[in-house]
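Next come two complexes, and both contain subunit A; in the first it sits with subunit B, in the second with subunit C.
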Partner chain A sequence: MTTPLTKPSLDDPRIAIPAASEWYEPAPTAQTERQAEFLNLRDGEMFVNMGPQHPSTHGVLRIIVKVNGEQVVDLDPVLGYLHRGVEKLCENADYHQAICYTDPLEYVASLFCEAAPTAAFEKLMDVEAPRRAQYIRVLTMELNRIASHTLFQGWMALDLGGITPILWSFIERDEIVDMLAALTGQKLLYNYYRIGGVNGDLNHEFMSRLGNWMSRAAAQIDSNLGLMNENEIFVRRTRGLGRLDAATALRMGVTGPNLRATGVPFDLRRDHPYLVYPELEFNVPTRDEGDSLARYMVRIDEIRESIRIIDQVLHEMPDGPVMAKLPRLIRPRPGRAFGAVEGPRGAYGVYAISDGTDQPFRMRIHDPSFVHLQLVGPLTRGNLIADTMAVMASLDPVMGGVDK
Partner chain B sequence: MSGAQMVWSRMTPGGRALAVLLPLLSVGGAALTALLVVAAPFIGATIGANLPIVRFLAASVITFLITVPVAFLLIYMEMKIIALMNLRIGPDRIGPAGAVMSVVHGLKVLMKEDFTPPSVDVPVFTLAPVVVYLASFMTIMVIPFAPDLTSVGLEFGLLYFFAIGGLGVVGLMMAGWSSFNKYSLLGGIRAAAQAISYEIPLTLSVVGIIILTGTLSLPKIVEAQSGSLLDWFVFRQPLAAIIFFIAITAEANRTPFDNTEADQEIVAGFATEYSGMRFGFFFFAEYVNVFIVSALFAAVFLGGSNAPISLPFSPEIVVDLSGLGLLLPIAAGVAPVLGTLAIGLPIYAISARIKAWQAFLAGFLIFGALSTAAIGFWAWAMLPPVADLIWFLLKTFTLIFIFVWMRATLPRARIDQLMGFAWKWLLPASLLNLFVTAAAVLLTA
Partner chain C sequence: MDRALATALTERFKSMLLAPVRQRFDETEIRVSVADAIETMRALHDETEFVFEMLIDLCGVDTGEEMQVVYHLSSSRSGDWLRVIVPGIDRSAPRANSIVSLWPGAEWMEREAYDMFGIIFEGNRDLRRIYMPDDYVSHPLRKDFYLADDASRSPAAGVRNMERVGTPVDATRGTALRKSPGA
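What follows is the complex of A and B.
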C-alpha cells in the first residue's frame, strides 16, 4: 500500500482513525516539554494559545492556557518576543548612552527606567544631584506615576470589557505626557535624567500646564473613577479573584502596589529613601485583601498620594543649579553599585559594575513586571478564562520591561 | 475600418456596456409593457385569487429589505453615540456627521475577500451565517409595527418569536463548531449555554401577560394596552419587564452579556474565522437582533403603537384635491420652483456676500424641509398607521439607545456569573411573577 501524502493529525477530532489500519501511527515520543504536555492532555482538556497577537495580552506576550471547558487548568506565559538585549547593549555604550538604552523598557513610565541607572551611576561616580534637580526628578517621576496608573485603570476596564474608561483615562495621561513633552522634548521616551542632574530646568510652558492640570486633577480623576468603582459588575469580577497572600508575595519577590495590596507596607520611597523623599509627607496606601480589586484600589490611592507629593514639591522647590559639575567623559572608579527606585509597578533596580573604563562592565536590570508575570499562572489556576485577563490586568505587567 | 468599428474602439468599457444594454433594455421594456397590457386581466385575476400568497411574498420581501437600512442605522447610532460618550468625535467624514459611514462599512465588507480557511467544515461553515441572518429576519415578520401593519399576523406570534429567535443560536453553534478554531468553539458553546439559560426566564416572564390578555398574538397584546398610560404592561407587570429586559440583553448578546464575542478573552468568538460578507451577515444579524428585541419589548411592555398621551385637540385637515383636475400635476410641478424662488430671493437680497446658487440651494432645502414637515404632519394627523408607526419606532429607538448606552458604560459579566444570575435570580423571580399574576387573576375572577 502506498503511503498517503499527509498523515491524519491525531488531534483532529473530525478524522476518525481506525486503530487497526496501516494509517495508524503509534503516539510519537515527546521531543520537547511542550510536546509532552500536549500528548498527555486529559480527556476534555485542550490548549488555547493566546498571543503573541491577541487583543488583550499587554504587548507581545504569549500565554499557553490549558483549559477544561472554560476552566483554566494550567497557564504558561511564553516570553521573549520583545527581547532586544538591552543589558548587553549597555555594556557597549558609555554611561550616558546606557541611560538611553534603558529608557524604552517600561515604555508607559520610562522616567523610572532612567532614574534607576542614573542612581546607580551616581553612586559609582560618588556624586549627588543638586537639590533643585532632585526636586525636579521627584516631580517628574510622580507625574509619570500618575500617567502610568491612570493608563492602568483604563486597561483594567478594557480587559474586563468596558470601553469608555480607557478613553477617559487617556485624557489625563495625554495632559501629563504633553506637559512632560514641553519639559523634555519627547512624549514617550523622555531621556531627561543625567548623571548628576537633569537635562534643563523647568520651563514656563511646563509650569503653566502643570498649574492648570493640578487645579482640576484630583476632581477629574475622582469623576473618572465613578464609572468603575461604583460598578457592580466590575467589583464582582475582581473581588476575591487572584488572591495573593503576603508570605507568597514576599517569597516570590513581589514589590510595588501588588505587594502593598497584600498588606505589606513596603515602599522604597520610605523604607530605602532616595532623592528628597524623606523630606516629603506621604502615606503608603495598603490593602489587606490581596485580590485584583485590592491591587486596583492601591493604585488609585497612589494617584492621590502622588498628587499630594507634587503639591509639596511645588511649594518647597529651591532655586539653584540643576546639574552637578562633572567631567564630560564619565569614567567611574572600579566598583559596584545598586540603584533602585519605586516605580509604578514595583522596585525597579539596576546593578552596575564598573571596571574603570567609560563603559559599564556589566549592567543587570531588575524589572518588577518580570517577577509579577510569574504570578499569573498560580493566581489564575482553577479560575475561568475571563479571569486570566482580570488577573493579568491587575498585575499590570509591561512586556517591554519583562523581555528587556 | 468602418465608422462603427472606430466608434466602438474609442468607447470606454462603461460606454460599451451602455451601448449594448440600452437597446436591449428598451426593446425588453417595450415587450414587457406590451405583455402586461395584454395579460393584465389574467394577472389581476391570478393576484385576486391568490391574495394571501401575494401578500405574504410582498411582506417577506419588504421585511427582508428593511433589515438592511435598520442595521445601517443601528451601526451608525452605535458608532456615533459611543464615540460621544467616550469623548471622541466618531465618524464624521462621509455624509452629514458621518451618517453614511455604516453604508460604506457594508460596501467594504461586501468587497473583501471571502476566505474559507482550509480545515473548516465547508457546508456548515457556509450555512452558519445564513441561518443566523434568516433567524433574525424571520422574527421581524411578527413584529406589530402598527395595527394592521404586521408582515404575518400570526395568532401565536409570541410563541413563534421565541421559537425562531432560539434558532439563531443553532447558527452560532454551527459557526463555532465548523470553524476548526478553539476560540470559535468556545464562543459557540458560550452562545448555546447563554441562550438556553436565558430563554427560560425570557419566556416565563411574559406568561403573566399571556394570562392577563388571554392571547399569544402580538397585535392583540398591543391592543390590550390601548387605554391610558397605566394600562401598559411595564406598569402592570414591572417585575416581568425587568426580567424580560435583562433576558433580551442576553439574547441579543449585548454588553454586559456579550460573552460570545468577548474580544479580550476569545478574540471574536464564533466569528473569528469569518471574513468578508459572511462576517457581514453575522454583524448585520447582531444589529437586526437588537432592533427586534427592542421592538418586542416596546410591543409587549411599552404599549406598542399606542400613544402615551392623546392630544387634547384632534386636527382635522381635510385636503380635497380632486376638484383641481388637470391643474393638480401642473401645480405639483410649479410649486417647488415657486417655493424655492420665494424663499431663495429674500436670502439672496439679505447680503451681497451670499452667492446666488447658495441662496437658491438654501431656498430649495428649506422649502423641501417645510413641505416634508407639512405633509408629515398631515399624514400624522389623518393617517392613523403613520402616527402609530412613529410612536412605535420612537419607543423602539429609545430602547436601542439604552442598549448602546449600556455598551458604552458597563464592563462584561463573567460567564459563570451570567449563568448563575439566570438560574438563581431570574428564573425564581419570573416564577414568582407568574404565580402572583395567576393568583391575582384567580382571586379577581
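What follows is the complex of A and C.
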C-alpha cells in the first residue's frame, strides 16, 4: 500500500515561505534630484528590469525601464558590472604593460584600444614609429574596423529579430580575425602595438590570407548587405527610429559614425590626423537623417572606405624596420600627452601624465561607448520597449569599454 | 601646433589664465581657476573665433597634493586638441562646477570623476556613483587608495584596508607608512 498523497499545506513548517517584504528587493532610495524624479511613479507606470543578463544588451548591462503600458517613459542604465579598474591597474604597471591592460576594454576591436595609449606614450617619449610600422598599424586597424562593423551589422539584425545576418557577418569577421591571429598570435586581444612600432613584421601567412580575402571582400560584403538593405522589414523598422540631430549630438559629446550619421563630417583621421592617414585618400561618409538606419548605413559606407584604404596601404607600404630604437624600460620625462584615434565606435582617447618614473602617473581612458550609452534614455523616451534595443543596437556600445 | 590659437587664447582670456598657454605637438593647454572655469568653457564653446563645440573628454586627476579637472576639446576651426586644466581643487573637499548646462553629455563623465575621485560637481543633477556600488565608501583612483598587492608589500600590510571608512582627510593620515619600520 502506498501512502496517500497529502495536499501540501502552507502551515507545514518544512515549507518556508518568505515574508512578503523579502520577495522583492526594496525600492532604492533616491540619492539625487534626477533619481528622485525617476523613482517617482505616476498612475499606470511601473518599472521593468532589463538585464544584467539580457541577450541584447551587448554585454553585462542593466537597464531599469519605467514603462506606461508598453511605452517607455524613462530609463536608468546601471553600469559597473564589468568594471575592472583598468585606469588604476595601468597606473600600477609600467608603460608596456599598460598597453596590454587596455586591450580587453573594447574586445570587438581591441587594436584601437592599443593604438590610443601607444599614441599618447609616443608623444610623451617624443618618438615616432618607423614608416613601415605606421603603415602596418593603419592596415591592421582598418581590418579591425571592418571586422567590428560587419559584426555590428549582424548584431543589429539580431536585436531586431533576424537570425541569419549574424551568421553571415561572422564569416567575414572570422576570416579577418584569423588573419590577425596569423600576424599577432591572438584572435581577440592582439597586444600587437608597441611604443615606437609594432611587434613583428608582416608574415607570409597573413599576406597570403589578406590577398585572398581582398580579392573577394568587396563583392562578398556587398552580397551580405543585400540581405538587410533590401529587406523591407528592416528598413521600415529602423527608418525614423531614434532620430538624433546634429546640435544635440554635439552637445552630448557623440563622436564616430553616430555623429557622422547626423551630418557632421568629424573624423579624427581627417581632423586630427595621426600615423600616415594624411597621405591616404578616403572619404568621410555622412548621412543627414540621424536615425537608426542612417547610423547603420554610415557604417556600411565606412567598410567600403576601409577596403579602399587597405588597398592603398598595400600598394604604398615601404620596406624598413618596424620598431624604433628605444630602451627596454621606458621613463618619459615628466609631462602630459593626449593621444586619440578614430575607432569603429568613435574617438578613443588616452590622457597620460608622466612623473618621470616607469609607470604612468595618471592614465585616463576615454571610451566612446560610454558617452553613447547616455543617448539611449533621450532617444527612446516615448517609444516602445522593443525599440530600446533597436536604438541601442544602432548606437553600437560595447560594455567592456563602457565599464572599463 | 596652432600658433594662432595660442595668441587668440592669450588675448581673450588674459588674466584668467593661471599660466601661459603651452603647446606641444598638436596639443594646446591652458589653466584656469575653478571660479573661471565655466565662463572660460562657455566662451570657448560659443565664441566664433574658437567654436570648441566638441567635448572629447572630461576627467579628474589627483596629483597627490591637489585635485584637477581636465577637459579635452576639439574645434572645427583648429587642428589642435585644446586641454583646459582646472587645478588647485582642495583634496579634502573637492568641489568643481558642472558643465552639464553646456554639454549634457558630460553628465556621466562627471559622475565617473565623482565616483573615482570624490569631486563634487555643482549643478549636476544626477551626481551619484556610476561604476562602484552605492554603498561603497572610498574613491578608487585617488592616490591614497592602494591596490591590494601594493598594500601587502608595504610595512603597513594587514593594517590598511582597501576600503577605508572615513573622510579623505582621515585617509591621508594613515598613508605615510611606506617607509621601512626601522627607518
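Everything that follows uses one rule, which is that the second predicted complex is superposed on the first by the 364 of 404 C-alpha atoms of A that agree within 3 Å, B and C clash if a C-alpha of one lies under 4 Å from a C-alpha of the other, contacts with A are read in each partner's own complex, and residues count from 1 in each chain.
One rule holds for everything that comes next: contacts are C-beta pairs under 8 Å (C-beta built on N, C-alpha and C of every residue); 3 or more make two chains touch, one makes a residue touch a chain.
All values reported here derive from a predicted model rather than from experimental measurement.
Undergrad: One more residue to check, A:Leu314. First (subunit B), second (subunit C), both or neither?
TA: Touch status of A:Leu314: no partner.
Undergrad: Between subunit B and subunit C, whom does A:Leu326 touch in the aligned arrangement: first, second, both, or neither?
TA: Neither partner.
Undergrad: After superposing on the shared chain, does subunit C or subunit B touch more subunit A residues?
TA: C
Undergrad: Identify the partner contact of A:Ile385: answer first if only subunit B is touched, second if only subunit C is, both if each is, neither if none is.
TA: In the superposed model, A:Ile385 contacts subunit B only, not subunit C.
Undergrad: Going by the contact rule set out at the top, does A:Ile233 touch subunit B (first), subunit C (second), both, or neither?
TA: A:Ile233 contacts subunit B only, not subunit C.
Undergrad: Touch check for A:Val284: first (subunit B), second (subunit C), both, or neither?
TA: neither
Undergrad: Considering only touches as defined above, state whether A:Lys404 meets subunit B (first), subunit C (second), both or neither.
TA: second
Undergrad: Pick one for A:Gly85: touches subunit B only (first), subunit C only (second), both, or neither.
TA: In the superposition, A:Gly85 touches subunit C alone.
Undergrad: Given the touch rule stated above, what does A:Ala347 touch, subunit B (first), subunit C (second), both, or neither?
TA: second
Undergrad: Once the two structures are fitted together, what part of subunit A is touched by subunit B and by subunit C alike?
TA: none
Undergrad: Where on subunit A is subunit B touching in the complex?
TA: 12, 14, 46-48, 54-56, 70, 157-164, 167-168, 171, 227-228, 231, 233-234, 236-237, 384-389
Undergrad: Okay, in this complex, where on subunit B does subunit A touch?
TA: 82, 85-88, 119, 121, 180, 182-183, 186, 190, 255-256, 258-259, 262-267, 407-417
Undergrad: Show which residues of subunit A lie in contact with subunit C when the two form their complex.
TA: 28, 31-35, 79-80, 83, 85, 87-89, 91-92, 123, 250-255, 266, 271-273, 335-338, 340, 347, 349, 351, 353, 362, 364, 366, 370-371, 373-374, 403-404
Undergrad: Can you list the subunit C residues touching subunit A in their complex?
TA: 24-27, 29, 53-57, 59, 61-62, 70, 72, 74, 76, 79, 81, 83, 102-109, 112, 116, 125-134, 140-141, 145, 147, 150
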